[in-house]
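First chain written, first letter: the chains are A, B, C and D, and each begins at residue 1.
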Amino acid sequence: MIQLFRVSKSFGTSKALQDINLRIRKGEFVFVTGPSGAGKTTLLRLIFGTEPPTEGQILIRGINLNRIRRTSLDLLRRRMGFVFQDFKLLSRKTVFQNVAIALEVTGERPAIVRKKTHQALKAVGLSKKEELFPLQLSGGEQQRVAIARAVVNDPLILIADEPTGNLDPDITRDIMILFRSINLRGTTVIIATHSQELMKDTEQRIILLKEGRMLRER
Amino acid sequence: MGLRNWAYYSKHAFINIFGNRLVHAISIGTIASSLILFGSFILLFYNLNHWMLEWGQSLSMSVYLQDEIDQKTKARIESLLKNLPSAELKEYISKDRAMEDLIDGLGVHSGLLEGLKENPLPASFEIIFKDVNIRQLDPQGMKEEIEKIEGVQEVQYSEEWLDRLEGLVYVLKVAGFIIAGFLCLAVLFITTNTIKLTIYSRRDEVEILKLVGATDWFVKMPFLIEGAIQGLVGGVIALSTISLLFLLFSMDKVHIIGLPVLEIVFLPMAHLAFIILLGLILGLIGSFIAVGRFFDA
Amino acid sequence: MIQLFRVSKSFGTSKALQDINLRIRKGEFVFVTGPSGAGKTTLLRLIFGTEPPTEGQILIRGINLNRIRRTSLDLLRRRMGFVFQDFKLLSRKTVFQNVAIALEVTGERPAIVRKKTHQALKAVGLSKKEELFPLQLSGGEQQRVAIARAVVNDPLILIADEPTGNLDPDITRDIMILFRSINLRGTTVIIATHSQELMKDTEQRIILLKEGRMLRER
Amino acid sequence: MGLRNWAYYSKHAFINIFGNRLVHAISIGTIASSLILFGSFILLFYNLNHWMLEWGQSLSMSVYLQDEIDQKTKARIESLLKNLPSAELKEYISKDRAMEDLIDGLGVHSGLLEGLKENPLPASFEIIFKDVNIRQLDPQGMKEEIEKIEGVQEVQYSEEWLDRLEGLVYVLKVAGFIIAGFLCLAVLFITTNTIKLTIYSRRDEVEILKLVGATDWFVKMPFLIEGAIQGLVGGVIALSTISLLFLLFSMDKVHIIGLPVLEIVFLPMAHLAFIILLGLILGLIGSFIAVGRFFDA
């Protein structure tokens, strides 16, 4: 599903990622962890195609991101969901519109857009806040809007960057159950997190980064 | 692009206009005021042209009468002249007035006339042909025609100054187009810049839409529609303002600027439509240029 | 130091806070906790004077925020530090400038501004990133810039909203030590957090909010 | 406000200009182009005025000579006239030319002159007084002075048409000020709107600065300085462009627009300074209005 060969990423002189080799299979559930500034977000963004690697090759479903055309990347993104660490919500659009947009870009029928958007917002417990704007929400609520947008289009790959940093333990549990159930339906899930608790009682694969290098896997 | 896409684009354009109404209002105001500048110039230029042409296209003729005609013949000539197509009878100059005018005209040399026993000058009717295309008029044929009337001694017209005026009209036209061209450039520049700024203040939207897999067109279209609407609304506002200004200046008592009472005419429909169209096109071009910018960055 | 009498806050029909009575003494160290959307951020913003309460009175150092003049509020804010849940960094200014601004507004001398800014950035481990812009930082690094800005002017009151949501356990420990040391120097510290870990081994006072009401204190 | 504060304000203004250089460039472009419109109008208007005045202020006099003077006397008169302050000797009209002119002028009535045995008209020198303030000239005194010269028969000058021209110049002036006023309003509107948009795209800065306890002035000052700089730079760019346009149009061969060769003059220093000052003031006012808006929201 996802393959990285000798991938490095530098910003000017600072090396965010160095020599990463990684293979994630379809339907896997993977945690990426490591201290602040280790390169977790950078790794996820490379997989999502937002940044090109400085060196190395990245293959998603057999497609090399270095060689992909703009329009194919758009199509690929529609099959992926991304929960951004800073949410990236449209502040001038309502919660509903923010989630619906991920379906609208695919050209989905309005009736289905409405139904799926309502479902996704219900799954993160925000049914009552559909008509509010992001700035009228609490931090945790905003994060859940971001999660709803990422899962609304039944992605093949779900990438979540610190998706529970602003959530309380109860909701965190609900969200993890949501991710697991999506994973059980065949979606590959990659989650970057600091939270020991999140990874505590799982048997899942854990990738540990430190200063841009892959230290070990479990 | 299917119908459904257009529905989305328009929907989002309107959602965006509502969500960013302050920015849109500011932008529309700027576009409108630069179009007002442009439109006012067009109106001014159109009127100057109109005045010039009216002035230039009035061919004037002097119809000299024989000395010994009676009142009845004179009245007949007057009515015949009045009925000439597009002719306007300006005034009747009697023999005495003709002499006075001549004395005035001679100035210091009027002493020359001192020896005359009787007034040798004929009376005359002055006529003006207005609102006609000077090129279609046949002054020579006209002259011969009128000279056939009983009691008419001679007909004179002068053509020479027409050329001069036509030259002036030409200069005015060329200068007008050059200035209009410059203005158009400035308006285009101002409009695109304004729309650039409105889009710039929303560059995060472009970024986020691309992140959820929107095609370039999906992102651009609402901006283009918004730009077109801004331009259109700006154009309509500009046109309304110009119409108002026109009404103000064409009121009966426009002595505020001390202008001699000139008939002010409004733009023809085609020009009006042009200003709105210009707004629309500028809005489209502006947003097209502007949104393009934020795709490469 | 901080007193709230029968304070309520509504946004339209939704009640974010209801009937809060609270007294925080000088030099206290208080946690505010509760599920997502409970009203933690709203409470902190009321104390900071960013939002007026719908009902009730708030006194900071004896001054009633309802009656305070604009300029006095500016002066009061200079004695307070606030770590915002969404960081609120100036994206067009460097990390250094972002932190220095909190001192510059007070009219501090340039030499002192420089010295204190360097110190604060060192305390959060960002000495090497001073000349970068916020968008060139990882989420945790941005959060630490926000912390540095909040502590740089030795505030009388330090308010931190989920200050470790994007930080790994090691750095979290460092930040908590920083907060404790500031507290020991006499600063009143109020921290809103979901993290059980953060509050686990402390004897500190904890205020629990739920659906806008104060449930219990410890 | 102390010196240290000013140092901060200026420092931050420059940091901001650098950090938001795209927005600033766009804004400066808009301000410059609207000032170019304004300045071009001023230049055009100034030149029209100049031509009018030059034309209007040339008092012309006819100095009629006695019939029986010899070449020497005539040469003496000529040199005396040439030395009159700011006078220009236009032409010498001989007795024969005077008669030809009269025949032309009489047109059909020239038959009147047929009976004359000899030419009763005097020869004359035509002189023009240029570049003088017509009000300071004393044509009557001048006339009497010249008539004292030996060989001069009579001096004539006509003043009547001066009033008419002065009326025209007045109309032009009033119309010009009205148009300039409108333009000024439009430029003010465009400039403030543009700066509003630049500040709007940075409203988060205003919010964050207020959150760290900045006084209103601390937040506003850099914006005001930025606005002033934008206006100033816009003004300088506008002035440079206008100067370039001027050079282009005042080149020897400006027959592109078919204008009769008129001497184009550039604006005086005061006007130049005014355009830059206007830019500065508009920038200040614009940012003042714009930044004020984002404090109440």
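In this section, contacts are C-beta pairs under 8 Å (C-beta built on N, C-alpha and C of every residue); 3 or more make two chains touch, one makes a residue touch a chain.
Every value quoted in this text rests on a predicted model; they were computed, and no experiment measured them.
Participant: What is the distance in Å between the mean C-alpha positions of subunit A and subunit B?
Facilitator: Averaging C-alpha atoms per chain gives centres 62 Å apart.
Participant: Could you give the separation in Å between the centres of subunit B and subunit D, each centre being the mean of its C-alpha atoms?
Facilitator: Roughly 25 Å, centre to centre.
Participant: Would you please write down the residue numbers of subunit B that are in contact with two or more other chains?
Facilitator: Within subunit B, no residue contacts more than one other chain.
Participant: Would you identify the shape of the chain contact graph, picking one of line, ring, star, complete or other?
Facilitator: Ring.
Participant: What are all the touching pairs of chains?
Facilitator: All chain pairs meeting the touch criterion are A-B, A-C, B-D, C-D.
Participant: Report the residues of subunit B in contact with subunit D in the complex, numbered from low to high.
Facilitator: Within the complex, subunit B touches subunit D at residues 22-23, 26-27, 29-30, 33-34, 36-37, 40, 64, 102, 105-109, 111-113, 115-116, 120-121, 154, 156, 167, 170-171, 174-175, 178, 182-183, 186, 189-190, 193-194, 196-198, 200-201, 257-260.
Participant: Which stretch or stretches of subunit A touch subunit C in the complex?
Facilitator: Of all residues in subunit A, those touching subunit C are 11, 33-37, 40-42, 85-86, 136-141, 144, 161-162, 165-172, 194, 196-197.
Participant: Using the touch definition up top, name the residues of subunit B that touch subunit A in the complex.
Facilitator: Interface residues on the subunit B side: 2, 4-5, 7-8, 15-16, 19-20, 202, 204-205, 207-216, 218.
Participant: For subunit C, which residues count as touching subunit D in their complex?
Facilitator: Those residues of subunit C that touch subunit D are 48, 50, 70-71, 74-78, 80, 82, 84, 88-93, 97, 101-102, 104-107, 109-110, 149.
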